[in-house]
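Each of the next two complexes has subunit A plus one other chain: subunit B in the first, subunit C in the second.
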Partner chain A sequence: MLFFSYFKELVGKEVTVELKNDLAIRGTLHSVDQYLNIKLENTRVVEQDKYPHMLSVKNCFIRGSVVRYVLLPPDGVDVDILHDATRREARGG
Partner chain B sequence: MSIISGLEDLVDETISVITNDGRNIVGILKGYDQATNLIMDESHERVYSTRTGVEQLVLGLYIIRGDNISVVGELDEDLDSNLDLSQLRAQPLKPVMH
Partner chain C sequence: MGLTAITEREGEPRLDTENGEETRHVQPKTAIVLGNRTPEQLGTLYITTKRLIWLSDVDKQKGYAVDFLSISLHAVSRDPDAYQLPCIYAQIETVESDGYGDELEDQNSTNGENLDLSQVTEIRLVPSDPNTLDDIFKVLCTCAELNPEPDGELEGEGDWIFSSEDMMNANLGAVNGMSVQHGVGDWDYEEDELVNHIGHSNGLDHSLHENILELQIDDARFEDALEPEDEVQRSRT
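So, the complex of A and B:
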């Protein structure tokens, strides 16, 4: 549940989601659910010339199971809080 | 917060789906469930190639299993009608490698 909570904190921020088919989509994080499915708004594909498949898509839902990376804004990460939270989770609660 | 309420507002709208094997299917979303299984009506596949423009294959009513879905996009009809698919050339998308 830690990363679900973490991504919820990032709603409204600009992120880049790289998929397991090498497609990278940039957009504003609209919502996330328990499966870490991600909904982005105002999307654009990073290499639009190579991947014109989503030229007419501005809002999209990305299935959590195909996400390889989520690239976060630098100010979106509070390393200290995340450290504490991961340690707490590792201790089992 | 749940994303499933996110697909709710796409029902009866035109969507563009990218599947795990790299296909692009466009159609009207008729239904979905928590596993992202989709029911699409009046659907067609857009086949991308580097040699010819985009080819459209008529599929009709389709159910896509959630396991096989990568992206569900809301198709902006204005943007889409401005696209000249016959001039669009691109490599087909790669399949998802887990």
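So, the complex of A and C:
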């Protein structure tokens, strides 16, 4: 559940979601659920040449299981807290 | 997996009621567009707790269905550059397009009748009344959330089994790694893979990709990344 809690902190920030099919979508994180389904707002596709039809959809729901990476804004990450939380989670605590 | 044809109906689509499938939304007068083909004649969209179903109003033997498990993403598309009419856009995960599907690019340009439905990777739903798009989007979100990935089907990556002892060892490694100075940038783990790219660009001002922190959210992959650490710990003992 670590990443669920963690991503919830990032709501309202700009993130880029890279899917396992290589599509990368940038947008404002609207919400995330326990399955790491991600809702983005005001999205745009990073490589528009490759995916012209995906051009700026307003709201977008991305299935958690197709997400490969979430690229985070640097100022949205407190490395120390994340580090601690990761270790706690690994310990099963 | 993927889009399938529905050729039988009893007025409404036949639902898998034994497994609790229920209709959550019905949207009449909705066209469906498969890939880049021309829109089909009007039909009715049914959103159930398990599937998205479209049945033609004209041809009673024509219809399509796709499981929520196969819908990678869905979105409201209102940009006329993306599609001339406001619509719901959905991407469908097909077996072959799972990853590197470049060789399948042609499929969408096919305008012949014998389209392989299982290879359709995109659909658009165009309701006659565009004001309904937001409602349809919301129902799709709700129903997608009802269909999480079945356990143990994470692309064969769920094979890494960690005993609690392994986890403890991995932890010790992480703690040892903490002796590095902070704020220098990268965390100087002996096994960098342990944390993958988390925090790898502190204070550096490079391209977007370097400037943004990457975080893997797939648990199975995360465990995968721990594996080298695990091996090292074993060889030390």
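In this section, the second predicted complex is superposed on the first by the 92 of 93 C-alpha atoms of A that agree within 3 Å, B and C clash if a C-alpha of one lies under 4 Å from a C-alpha of the other, contacts with A are read in each partner's own complex, and residues count from 1 in each chain.
Convention: a residue touches a chain if its C-beta (ideal position, glycine included) is under 8 Å from a C-beta of that chain, and two chains touch if they have at least 3 such contacts.
For clarity, every value in this text was computed on a predicted model and none was experimentally measured.
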Clash-or-fit label for the pair subunit B, subunit C on subunit A: clash
Which superposed partner A:K8 touches (first subunit B, second subunit C, both, neither): first
First, second, both or neither for A:R87, with subunit B first and subunit C second: second
First (subunit B), second (subunit C), both or neither touched by A:L19: both
Contacts of A:V70 with subunit B and subunit C, given as first, second, both or neither: second
First (subunit B), second (subunit C), both or neither touched by A:F61: both
Residue contacts on subunit A - larger count, subunit B or subunit C: C
Contacts of A:N37 with subunit B and subunit C, given as first, second, both or neither: both
Common interface residues of subunit A - those touching subunit B in one complex and subunit C in the other: 19-23, 25, 33, 35, 37, 39, 43, 52-63, 65-66
Subunit A - residues contacting subunit B, complex: 8, 19-23, 25, 30-35, 37-39, 43, 50-63, 65-66
Parts of subunit C lying in touch with subunit A, wherever the complex brings them together: 71-79, 81-83, 89, 91, 93, 97-101, 122, 134, 137, 140-141, 144-145, 148-149, 154, 164, 167-168, 170-171, 174-175, 182, 195, 198-199, 201-202, 209, 211-219, 226
In the complex with subunit C, residue positions of subunit A that touch it: 3, 6-7, 16, 19-23, 25, 33, 35-37, 39, 43, 52-74, 77, 79-80, 82-83, 86-87, 90-92
Residues of subunit B touching subunit A in the complex: 1-4, 6-7, 10, 16, 18, 20, 22, 24, 36, 46, 48, 66-67, 69-76, 79-80, 83, 88, 90-91, 93-98
